[in-house]
Structures are given as C-alpha cells and as structure tokens.
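Here come two complexes built around subunit A, the first alongside subunit B, the second alongside subunit C.
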Partner chain A sequence: MKSISLYQDKNTPVHKLDPLSKILYIVVANLIPVLLGNRIATMAFILISIVILTIGRVLKRTAPMLGFSGLVLITVVIIQGIFRQGNATPVLTLGSVVFYKEGLLFALNITLNVINILMSFSILVLTTKPSDMVETFVRLGLSPKIGYVMSSVFQIIPQMTETMATITDAQRSRGMETEGKLITRLKAFFPLISPVVMNSLITTRERAIALEVRGFDSTQKKSFLSELKKTRSDQIFKAALILVFILSLVGRVLMWLK
Partner chain B sequence: MKKNSMWSLKLNTASLVLIPAAVGINYIGKLFAGALKLPLWLDSIGTILAACLAGPVVGALCGAINNIIYGFTLDPVSFIYAVSSVCIGVAAGILAYKGKIKGVVSAILSGLVIALVSTLISTPINIGMYGGQTGNLWGDALFTWCTASHLPIWLASGLDELVVDIPDKVAATLIAFGIFKALPKKLTILYKNDQEVESLD
Partner chain C sequence: MAKIVVEHLKYRYPLTEELVLKDISFTIEPGEFIGIIGENNAGKSTLCQALVGIIPNFYKGAYGGKILIDEIEVAKQNVSDICRKVGIVFQNPFNQVTGSKLTVYEEIGFGLENMGLPRNEMIERIDYSLRLLDIYKYKDRNPFDLSGGQMQRMAIASIIAMRPEVIILDEPTSQLDPQGSDEVFRAVQSLSHEGITIIMVEHKMEKIAAYSDRIMLLQDGQIAAFDTPQKIFSMDDLDRYGVNAPAFTRICKSLNIKDEKTGCYPVTLKEAEDALSLSGKGGLRV
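So, the complex of A and B:
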C-alpha cells in the first residue's frame, strides 16, 4: 500500500539518530537566528541543514517541498519588493515597475526564514519513520491511545485516497463531469465526497469495537515491541547543539549589554 | 443523570477512532479542491464534522493532529498553523454543542463565526511567516491592492485571510452539516455526551 509519509528508507548516520535529537536540532536551528537577529545565522543553519540532508542522502527529496512554498515566496518577493510600506530606495526598474531595496530585503528575510524552517523540518520528516516518532513520544509519556491515533492516520489516508480514486472513476463512467466551468466542478464535489466520507465514518464504528475487544481501553501499563537504542552519536549531536545554543545565548546577552 | 460538561476530557475509544477518519476527510477535501481546481482550501471539513459529533475537545485534537500529519506528509510549514486548526475545532465544537448548527441558515452563520476565528488566529501567523500573504491567488491579489493603497499591514493581511476564509469555512460547515445530518443514528449515538437513559415506555 502506498504510504503518504515522506520518509525515505535508507541506511545513513542521520537515519540512525534518535528523533528527539532531530527535534532538538529544529528548535535550535530556528531559535538561534531569532535570538541573534541576523541573516548570517539563518544562512549558516540552512547550510548546516543541507549538509545533514546530504549525509542522509535525502537532499533531492526536499525539492517538491521547496517547490510548494517556492511559488508563494516568489509572490512575496514581488509584492513586498514593489508595494511594501516604507519603500524608498529603488533598486531595479523593469519597464514601469520599480523594485525597492527595503521591500526586497524584507522579502529576503522571509524567504531565508521559511527555507530554514523547511530544511530543518525536512531532516526530521525525511529520515524518521513515523512509527518511530510516535513511539518516542509514547516513551516520553504521551498516552498510547493518542499514539495509536497518530499512527493510524498514516494507514487510513492511503486507504481513503484509493477509495476516492475508485469512486471518481465510477462516477465519471456514469457521466459525471469533472472538468469545465466552476459551477460544473462544484457540482461534481458532492457525489465524489459523500460515498468516501460515509464509508470511512461507518468503518470507524467497527474499528472502535475491534479496538476495545483487543484491550485498547485497558489501564494496564503497555510494553514496547522494539528495544531502545541509545548511541554515542546521539549524545555527541545533542551535546553539540546545546553547546551552540548556550554560546549564542551568551552572545546575545553580550550584544545586549554593549 | 447530568449532562457532562463539553470540556470533559473523557476520550472514549469511539472519539479517538473518529480522529483519523476526520483527518482523512480533511485530506480528501484538500485533494478534491486541488483536483477540481476550486479556489478554496476545504481542508477543515473533517475537523468541523468531528467537532459537531464529539465536541470541542475532539475537534481541537483533530485540528492539531491534522496539521501534524500535513507537516509530515505535505508541507512542514503546516506545523506552525496547527494553532489555527485547533481554534477552528474548538469554535465548531462550542457552536455545535450550543445547538447553533441545526439548519442550513444556522450552519451558514456558524461558518461565518468559524471564519472569523480562523482569520483572527491565522493573520498574525501569516504576518510573521509570509509578511501577510496567504498563498491564495485572490486573497493575495486583495492584499497587494490594500498594501498599494497604503492600508496598515494587519488590515491588508486580515482582509486577505478573511476573503478566502469566509467562502471556505461557510462551505466547509455546510458540507460537514450535510454529512452530519445524513449519518446513521447508530453512529451519532456513540458520541452523545450525556448520560441520559432512554426508556422505551
């Protein structure tokens, strides 16, 4: 069955890192540029993320995600570059359209910020199996029931999209139009979504009964199927991150005192 | 028997199992909107439906888990917008619990309220993340016009979000209401929060 998660199954040092280390990286990579307040920090972390992604051999997989946000970022650059309040210094003139320095710099900040968030999250998303993530949280104390809910979403959604494809084909073979004017497309929406939704909601009742029969509601402490593996590289990585964070905190305080 | 408060945290198995289905419905709504090229997001139908069925707490959980899953499978920026989804779930849950989603007109009005809540929460996030834009064609066009007319950024961004949210949330609430009405009673009874015992005579 097709999985919807972006996880890439490879055997690299990044894949072997504990999900918590990667979460710590996300926090540090996004907090330090905010603390230090300059673009150099953001760019540095983007570079570090790219390096980590290359070690994990998943760098190419960030392309679709960047494309997704890329379109919005381009419009941000255009709109902020031309129209931002307080635009004063023209930098580029294309015909009758003027791009201003302040707007472009502002757009640059936004773009770097978004790319930094995307890259740091990609490390987590592309190299961690969703079930491992959920298991980490459950070990930390998240209720196993919520853990189940999160894991099951990854299974249920591919089922639902397959059902949707089948139902779309069935309706189209019965003469339903899915292309054309807006009204036509709107009218197509309900006959497509109702069967899928009804189907999945009715199976939730059966799923609830099935789970309860298997002890889902029991208050006994649950045990884990897989063993916990703590590696040296995890500890080194986490220690390095915390060290960099403390250094930048110190740097910020020093800047503030100057 | 007294009616349990709508904030009671008693998450029974039926409520928990509803959440993946609701996230799935959100996902499919989003896919359909994309495939049919509708100018709406339609990614909160499941959250609103779950909130109608099982209350604001489940609605909030639905919204949170929905954005976490989107973050893992589509676009990591969704993690940050989780707050917005949670608030939509809570708002829908409170409205449904108070009986404000009983017919087509009340569903439209509730959709307007939910749109307002969504705009209030999402606009600061939009301003922080994208300088006020939302990624929607029409909304951003309005934003450009507002900014060119020297309106303050919170107004421009708020209008950008509102002009997309109103049709989107009203449509989502209507669709969720339509589905809710058509559900068999043996499903909706699983989620009724009160301990009322129905007698046959």
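So, the complex of A and C:
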C-alpha cells in the first residue's frame, strides 16, 4: 500500500531511539542557537543532524525538502542582500545590482536557521513510525481519540485515493472519457465527487461503529500492546542533550555578567 | 437462566415510515448456536445491531420493547461497555479495519488495548485468536493489504480476542471460499463448545443447518419460525420466505424420506445418509 508518511523503515540505532528523545533533540537543537545567538552553534547542530541522519541512513531523503526550501531561501538571499535596511558595505556588484554585506549576513542567519530546523525535524519524521509517535503522546496523556485521528490519517487517506482510482476505473470501463485534454479531465472529475463523498461518509459511519464495538469509547484506562522501550542509549542521548542545554544556559548567563 | 431475552422489540429507522422490526420476542439460552435466516430486508442485520445496542445508540429512529442480556438492558448501556459482553462482526470486513494500526497483530490488539488488559494477556489472546482463524502467518502484514477473506477472518479474530460471552456474526463468510468458510464455521463451533453463545446470520443453508442448534426464520421484520434446523427446513411453505432448504433436505423431500425419530426431513449429509440407508431406497452410498 502506498504511504503518505515520510517514514523510512530501516533498522538503525536512530530508529530505535525513543520518539521523545528525538523531540527533545529538536527542542535543544533549535533553542541553543537562540540562547547563544551565534552562527557557529547553528552550524554545529546542522552538522550533528547530518551525522545522525547518516547513521539512520536517511540523509538522502532530506534532499527534496532542502531543495524545496532552497528555492525560498534563494529569494531571501537576493532580497535581503540587495534591499535590507541598513545595507552599507557593498561586497558584490553584478551590473547595476549591488549586494551588501549586512544583508547577506542576515540572509545567511535565516538560511542556517531554516536548514537547522529542517534537519532536526527530519530526524524525527524520517526515522519514527507515525504510530509510535502517536502512541508516545497518548501515553503522555493525549486523548486517544485525537491520537486515533492522527494515526489513522496515514492509512485512511491512501485508502480514499485508492477508492477514487477504483471509481474512476469503473466509470472509464463504462465508456467515460477520463484522459486527454485538460477540459476532458476536468469534466471527468465531477461525476467522481458524489460517489467518492458518499462512499467516504458511509465508510466513516461503519468504521465508527466498528471502533465502538471494540470498546474505543470505553471509560476504562487503556493499556498498550507495545512495550515501553527505555534503552540505555536513549538515556545517554537525553542526558547529553540536557547537559549541553544547561551548559549553554550557563554560558549565556556568564556572557551577560561580563 | 436465559442469556438473551428480547421482549416486543420494535424499531423504525429515522426518516422511514415502516417498522423494520415488528414486535419480536424470543429467548436464547447460554451456549446456544443460533442461525438467523431470511430473505433480504427481512431485518436480520437490524436485529443483530439491536442486540449490541448500536440501535438505538447509533441509529436513532423509533425504538420499542427491550433487550436483556444477562438481565442488563442493552439500550440503556454504552456500546463500548456492552461490547465486553457481546461482540459483533459485520458483513463488510473492510470497514472494520481501524486504520490506526500497521499490522494484523496490532489490529487485533486494538480492542484489547481499549479494555485495558495487561500486555502478556493481550499477547496470549492475540496468538490464540490468530491461530484459531488460521491467519497467524499474516500477523505482520498491513491490515489493508489482506484479501477480502483474510480481512474477514481478521475481523472475526479481533472480536474473538475480546472474549465476549455472546458473539454475533453478520454474514461472516460472505467473502470466503468454501474451504475458508468451513474453517470459520469450525472455529465458531469450537467457541460454541466452550460455552459462548453464537448468533449467526448466514445464507449458506447447508452450513447453518449443520452447525446451529436452533434457527430463527425472519420475514418482513417478524419471526416466522424459531426451531431446530430439521423442523425449519421441513416446513412446507419454505419458498414463501425466500429460503432454500439445504440440498440434502430437498433431495430427501422429493424422495419423501424422513428421519424416523423426528418425523422431519434430514438437513445434513450425515442425516441424509442415515435416513437413506434406513429407508432401504437403493442402499446408495452418498
């Protein structure tokens, strides 16, 4: 079955980490550069993220995300480099277009921050099974209903796409034109709507009943089939993160005092 | 003491004029295997849903009379609480997949998680029901990647794992091949021997005749007859109810061979064989 989640099923130490450790990493990786307010911290975390992604063998998967945000970042560089308020020191002149140092440095900050955020989130998204992530939240007290919505989306949306494909095929087999010019394809879209919507409504009701007869709405406190995995590497990873965070906090305070 | 008591049950779906269930009353003893037959629109599925409380909790409409299971009134309970006592498997296995679990194993665990069972008991029950329905080999597959028949067995397994005292099956073998439906019937029968009350809607008459203790014949929202398979299929006006007797019964009917003890036509291969050899008609071996 097609999946809409970005999760890559591999067996690496990164995949085995507790989702909470990865979330903690996101928080720390993005807070410390803010605390310290320098580029080197951001670059250091980008580097760490790259190392973690390489261990998890998912580094390649970040390319499409970086490519997409790269487009946006290029416009940031151009606009800030040329027009930022306070631009004073020209560094590069292309014809009549002048790039200024201040603007370019500012754009560099933004770019590094965006890449840092992207990289740290990709660790979580690419190496954590969505259902595991949801389960972690439910264990922490998220309502199971919201948890269900979050985890079922990953399966039910592809199911709906499949239903849609089936209905299209059924209509095509009865002679409807569904391919060709844009206008033909647009026309073919309308007869799809009502069966797809009706089908989803009926399916949803039946599924709601099926959940109900399996005690979904029960007031009983839920238990979990999968075991809580508290590994040593998780504890070390988390402890290291917290330690680094405290150190940078201390560093920040010392900088103030000076 | 009766397991299920239904008294003057009446029901009309919202926005409709006619009653779907018209004054139905019956009692079912613990451990019985009950078959429900009848033509389309006779109210079979509606009755099943009423027994679990989906009617009137999910479908509104007009409801009258009462259903007592172990002297608890179903209509006044939450479906989520009743489901510990009464499990139901629906016709369409596809819509019974929760969609939040990635493997068959976890899918069956869904109900057990909701019941708050400890982990080792869950594992024991999941393994048991996977083996009972012979789908243990698919335990790591995605539930949506199963075929219709496998999905149907998974749906049954996930209810069995919850160990209700009554299991209602609404055409549980509609997507199964003859061998698969045989396996399901045998699995259900073994549950029945364990003392679980079974109520099953089914169109495969040979099967339902062979396995049920009693058969409820529904027509137009009313109980036309509720008796042993032999008596039901020996009725002369069976055609009027849109029901075909099992092949064995039809053969014996046209040969006019009756079981001497009960005075009814035989309903299973075994009974037909015995009756034929006793009657001495040709002494044919079936």
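As a convention for this text, the second predicted complex is superposed on the first by the 213 of 258 C-alpha atoms of A that agree within 3 Å, B and C clash if a C-alpha of one lies under 4 Å from a C-alpha of the other, contacts with A are read in each partner's own complex, and residues count from 1 in each chain.
Everything below uses one rule, namely that a residue touches a chain if its C-beta (ideal position, glycine included) is under 8 Å from a C-beta of that chain, and two chains touch if they have at least 3 such contacts.
Not measured: the values here are computed from a predicted model.
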Task: Could you figure out whether subunit B or subunit C reaches more residues of subunit A?
output: B
Task: State whether A:L225 touches subunit B only (first), subunit C only (second), both chains, or neither.
output: second
Message: Just checking: does A:L36 make contact with subunit B only, subunit C only, both, or neither of them? Give me first, second, both or neither.
response: neither
- prompt: Between subunit B (first) and subunit C (second), which does A:Y148 come into contact with in this model arrangement: first, second, both, or neither?
  reply: both
Partner chain(s) touched by A:I55 [first = subunit B, second = subunit C, both, neither]: neither
- prompt: Taking the superposition as given, does A:L20 touch the first partner, subunit B, the second, subunit C, both, or neither?
  reply: neither
- request: Check the residue A:M176 against both partner chains and state whether it touches subunit B (first), subunit C (second), both, or neither.
  value: neither
- prompt: Should A:V114 be classified as contacting the first partner (subunit B), the second (subunit C), both, or neither?
  reply: first
Message: If we overlay the two complexes on their shared chain A, which of subunit B and subunit C does A:V244 touch? Say first, second, both or neither.
response: neither
Message: Output check: A:V98 vs subunit B and subunit C. Expected answer is one of first, second, both, neither. What do you get?
response: neither
Message: I'd like to check the shared interface: which positions of subunit A are touched by both subunit B and subunit C across the two complexes?
response: 148, 152, 156, 159, 203, 207-208, 211-212, 216-217
- request: Would you tell me which residues of subunit B are touching subunit A in their complex?
  value: 11-14, 16-21, 23-25, 27-29, 31-32, 35-38, 45, 61, 65, 68-69, 71-77, 79-80, 129-131, 133, 135, 140, 143-144, 147-148, 150, 153, 175, 178-179, 182-184, 186-187, 190
Task: Mind listing the subunit A positions that touch subunit C in their complex?
output: 1, 129, 131, 134, 147-148, 151-152, 155-156, 159, 203, 206-227
Task: Flag every residue of subunit A that touches subunit B in the complex, lowest number first.
output: 4-6, 65, 68-69, 71-73, 75-76, 79-80, 83-85, 106-107, 110, 113-114, 117-118, 121-122, 125, 130, 133, 145-146, 148-150, 152-154, 156-157, 159-161, 164, 178, 182, 185-186, 188-190, 192-194, 196-198, 200-205, 207-208, 211-212, 216-217
Residues on subunit C engaged by subunit A in the complex (per definition of touch): 52, 54, 58, 78-81, 83-84, 87-88, 90, 92, 94-102, 105-106, 109-119, 122-123, 126, 142, 144-145, 158-159, 162
